[in-house]
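These are the structures, in structure tokens.
Look for chain A in each of the two complexes below; its partner is chain B in the first and chain C in the second.
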Partner chain A sequence: MLGEGIIKGLLETARNFVGSYVSKERLTTVQYPEERWEAPEASRTFPFLVYDGDEWLAGLRCTSCQICEKECPPKCIYIEKSADKKPDAVGKMQFYPTRFDIDISVCMSCQICVEVCPFDSIKMDRIFELSTDDRFEGLILDRQKLAKSNSYYHQIHPTEAAEVDAALASERAAAAAKAKAAAEAVAAKAAAAKAAAENAAPAGGGA
Partner chain B sequence: MAQNLDQIFVLLTGWMVSYLPEWLRPYGVAVLGVVGVLAVYVTLFALTTWFERKGLGRMQNRYGPNRCGPFGLFQPVADGIKALTKEDLVPRSADQVVHFLAPLVLLIVICMGLAILPVGRNMVLVDMDAGLLFFFALGASTELSVFMAGWSSRNKFSLLGAMRAIAQMISYEVPLLLSAISAVMIAGTLSLPKIVEAQAGFSGILPHWYVFTPWGFAGAVIFGIAAKAETNRCPFDLPEGESELVAGYFTEYSGFKFAIFFIAEYLGMFSISSVSVTLFFGGWGAPLSFLTFIPSWIWFFAKVLTIIFVFIWVRATLPRLRQDQLMNFAWKFLLPLSLINLGVTALWRFMGDGWQRWIVCAAIVIVSYIVLGLWGMRRQHVAPRKYSYAD
Partner chain C sequence: MSSWTLQQSTNEHLAGWNRPQVIKPEGDGEVLEVSMGPHHPSTHGVFRMDVKLDGEKVIGLKPVFGYLHRNHEQLGEKLSYLAIMPYTDRLDYFCSLSNNWGYAMAVEKLAGLEVPERADHLRVILAELTRFQNHASWIGFLAQEMGASGTPLMYAFREREKILDLFEELTGSRMMCNYMRFGGCRVDPTAEWLSETRKVVQGLHKFVDEFENLLTGNEILMSRTQGVGVLSHDLAVNASVSGPMARASGVNYDIRKVDHYGIYDRFNFRVPLGEHGDIYDRYMVRVLEIRESLSILEQALKSVPGGPILDPKAKSRGIRPKAGEAYGRIEAPKGELGFYLISDGAGSPYRYRIRPPSFINLTVLEDMCLGHNVADAILILGSVDIVLGEVDR
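Let's turn to the complex of A and B:
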């Protein structure tokens, strides 16, 4: 009959109206500044730079290879390479950025910089309360603002950070083994050379 | 005491006017009455915007506004300040004069409609013999200002909205008037205070409201549906249709002119709810005989707010109609039903007091409702359209 559906609908909204006063579960709104919702692990906003240890500049993983700068679709990254070198996360001597700016008014949070980084240096952050009264300078993050510790990275993306740490540890072990092998080879070579020299000297003397 | 409380505003006006010289007194009464009615209705408007947003929120399992003041009660104040401080833009190609006049004409006409409402015992600004006629005449002229707004904006959305508004308002004015006429037929007068008096009195504890008769119930429902269409409220908000027409006929209005349209829409809703309370729900009369000690004006506004709540409830429930559904519903269902209802009212009038008329009238109303619902609102199977050139 005509109007049955309307009655049914009216009853449904009446149930909602009364129910929202009776049961709190119906109101799913998170009242933001007072209440906060734990963001899912995979959520992302803008990139940041990871550093190891306590010194942010010394521990910066970035080697200023500038791949992210070239790959960034909206071109929001600006990097200046250093003249000198410092040891990177694996212990190898590398350049480091003297300037690393990300304009977050341009960044589109695509995560391509993270995908292309060969040093696991740039990762996606989860901060979102970035409003500022200076829309030009206030939205450009320099390297100090971007640098965040590895423990912070563990805090926001635990699974991913553990994988990165494992990969870095194995790289470090490989580098250490290689260095050891190289040192041994050098030592062996030196020993061989020494032995050869020792062998040659008496022979020469004997001749 | 209860008598004094019931007449408190009448006595207050008399006391204030008594300080004026003799020849000024009628003007004093008029000014005080106008100021009082406008103040009450505008306050109700502010409260209703809050009430509506809260109610809609709760019906959709949300909180609604709760930031401005306790329970968000100051939200209307914030909205008002916002509307006043916004830039008032007028399109360069608009018809400046008509564009400026349209909201004013609408507001003036709607405010004039408030004058004839009996908001309590002995509380009516103008007791006209043809009050209802005056109200409907004013209601019809709101269409003019809607069309002025739509036409003068020189915007296709505005014009489409205005066209829809005219089509809708004219279509729904017919059942609105026809359903109101049934109450006039029984009361025998067009004066609203007299219609309220005709519904006074109780059988046992139950009141003699027209809504408790078969023709009155049908009339109240038809009147309510047509009133929603007249005030462009959801599900009949096609003239605004923000998902289709931006804002319909007031697309090109901003700042306080927009706020005036908003106020006029709500005041129109109040005045038409007040008229439906007067016609079918006993006006300022108490709903049960032992509740007559509560002042009449409290009953009146309680009833009006209840009807407003039903408006909000329906808005939260139903989606917007399509234009053809709107027209089908008006001409194939509401119009025949209200005509039949007129006949039923006449039958009720001439069958005299007795239980037979209850059965006969109820049966006619129910049968015609079912038959019209099946026939008038049947789904029509139309063959898929053939395109001779596009294929």
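Let's turn to the complex of A and C:
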């Protein structure tokens, strides 16, 4: 019969229309500014820099190795390396960025920087609603605006942050053990040298 | 009207093949040249058609590309192998995961990397989910272009949303997934993600039935699409049209069956073929294809093995394949998507070239449109399934 298909289609739309009042499954939209939908943990927007402790500059994990700057596909990261060094997350003396800018109007949220970072310093944020009328002040983030605490990182990516913390803790322990071993070796060497000097001294005195 | 003459269409690179004859007015037949696009909602982005019209009838059509040209291939030759990966997401932005796979496959061939079982299964699952959402929204857009003011499109997007949520949960992004890596995948999915995917896939069967109920037997759809935009088997082969477009014209060519790339040889699925090569066949081929996709998904989800998801030899940063060339191709939702790479041993490819399916499928647009009305030309363009990110690159 002509028009049968149209009637069948209309029945389908009617079923969906009436169904949207009955079943939650058929009502899939969210009234955005009032209602909000929780994004999954893995979701990502723009990068930020993690710092440990309370002082953002002292605790910055970034050692300005500039790997992210090199690997960034749209080249939106700009880093200037410091002349002096400060202890990093593991306790080693490292350089730190005197300047770290990310132009988030250029950033394409690909998270390659996160993947290549050997120091677990740069991570993806979940902030959005960043629209602004100032392209330079609002969208080029400097190191202070980028720095966010480790507890914030734990808040947005709990599973990932716990893994990173565990890895850093074991690294720190390894570094401490190594430092201890090195110190012991230095002490042993010093003792040996001292003993040798003591042994040599009488001989020298005898000559 | 005065006298009419027969003339071949102006698409010269295909001259001599079995092409439709065009009626061209002479004398007082007034020809109207319309520049459709680049900013026209029916052109799926920034695409322009220079249409020659005799009344309502299309008597000539020139596609004009390049409005979304982003220098993708040249850019790739300056970037590291890893840094190209997120750019491939932006080729066909509906199907970022298929693009990832094509590029990863080319680099794997170049660098001699093996993909572990688990990663292979994941790739198939994600590629088929991508195919599903691409075809579903294609059908929605087609109905939209016929004047169904949004209903089928909204139903399609409702289901697409479920799939994009899965993508976001796994890869962190809904559309720009940047998920596959050379020799595997980036993130290992949890057991919850896999069971959630199984649940979604089960629900999709109902959606396809609903969608078919809504559209397949619909008289408006049939009268608008049957016998419109016919692409002959020979022309499809000679113009190297691929994907659902070619299969709707009866060309039995599916790279999943021809190449058995990944682990597609382990799954049971059929390749639907059209008979007439009109828009309705393209619609039916896609509907049947998403049903086959669901069957592949069920088989793949049943047998996801454990183990690593990345080749232990693989490193993503600083990859320097030895000098040579490689061509990786996959059956993307739109057709044969190929990535051709030449390496000279440096950190970035010496030559990087893409075979974009929707660009090559577009070259036969004039042949399909000639003699039809303007309104049908819109529909025929829609039936090609183009994404301008891929056409212009």
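Note that in this section the second predicted complex is superposed on the first by the 192 of 207 C-alpha atoms of A that agree within 3 Å, B and C clash if a C-alpha of one lies under 4 Å from a C-alpha of the other, contacts with A are read in each partner's own complex, and residues count from 1 in each chain.
By definition in this document, contacts are C-beta pairs under 8 Å (C-beta built on N, C-alpha and C of every residue); 3 or more make two chains touch, one makes a residue touch a chain.
On a predicted model such as this, the values are computed, not experimentally measured, just so you know.
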item	value
Overlay on chain A: chain C relative to chain B, clash or fit	clash
Which superposed partner A:S43 touches (first chain B, second chain C, both, neither)	second
First (chain B), second (chain C), both or neither touched by A:M124	second
Superposition-derived comparison: chain B or chain C, residues of chain A touched	C
Partner chain in contact with A:Q31 - chain B first, chain C second, else both or neither	first
Chain B versus chain C as contact partner of A:Y21, first or second or both or neither	first
First (chain B), second (chain C), both or neither touched by A:M108	second
First (chain B), second (chain C), both or neither touched by A:E12	both
Partner chain in contact with A:G3 - chain B first, chain C second, else both or neither	both
Superposed model, chain C segment overlapping chain B, candidates 220-228, 310-318 or 328-336	220-228
Residues on chain A lying within both footprints (that of chain B and that of chain C)	2-3, 6, 9, 12-13, 16, 28
Partner chain A, residues of chain B touching it in the complex	55, 58-63, 66, 313-314, 316-318, 333, 369-370, 372-374, 377
Contact set on chain A toward chain C in their complex	2-6, 8-9, 12-13, 16, 28, 39-40, 42-44, 67, 71-73, 108-112, 115-116, 124
Residues of chain C defined as touching chain A within the complex	79-80, 82-87, 89-90, 151, 155, 158, 161, 165, 168-173, 176, 178, 186-187, 210, 213-222, 316-317
Chain A residues touching chain B - in the complex, by the definition given at the top	1-3, 6, 9-10, 12-14, 16-17, 19-21, 26-29, 31
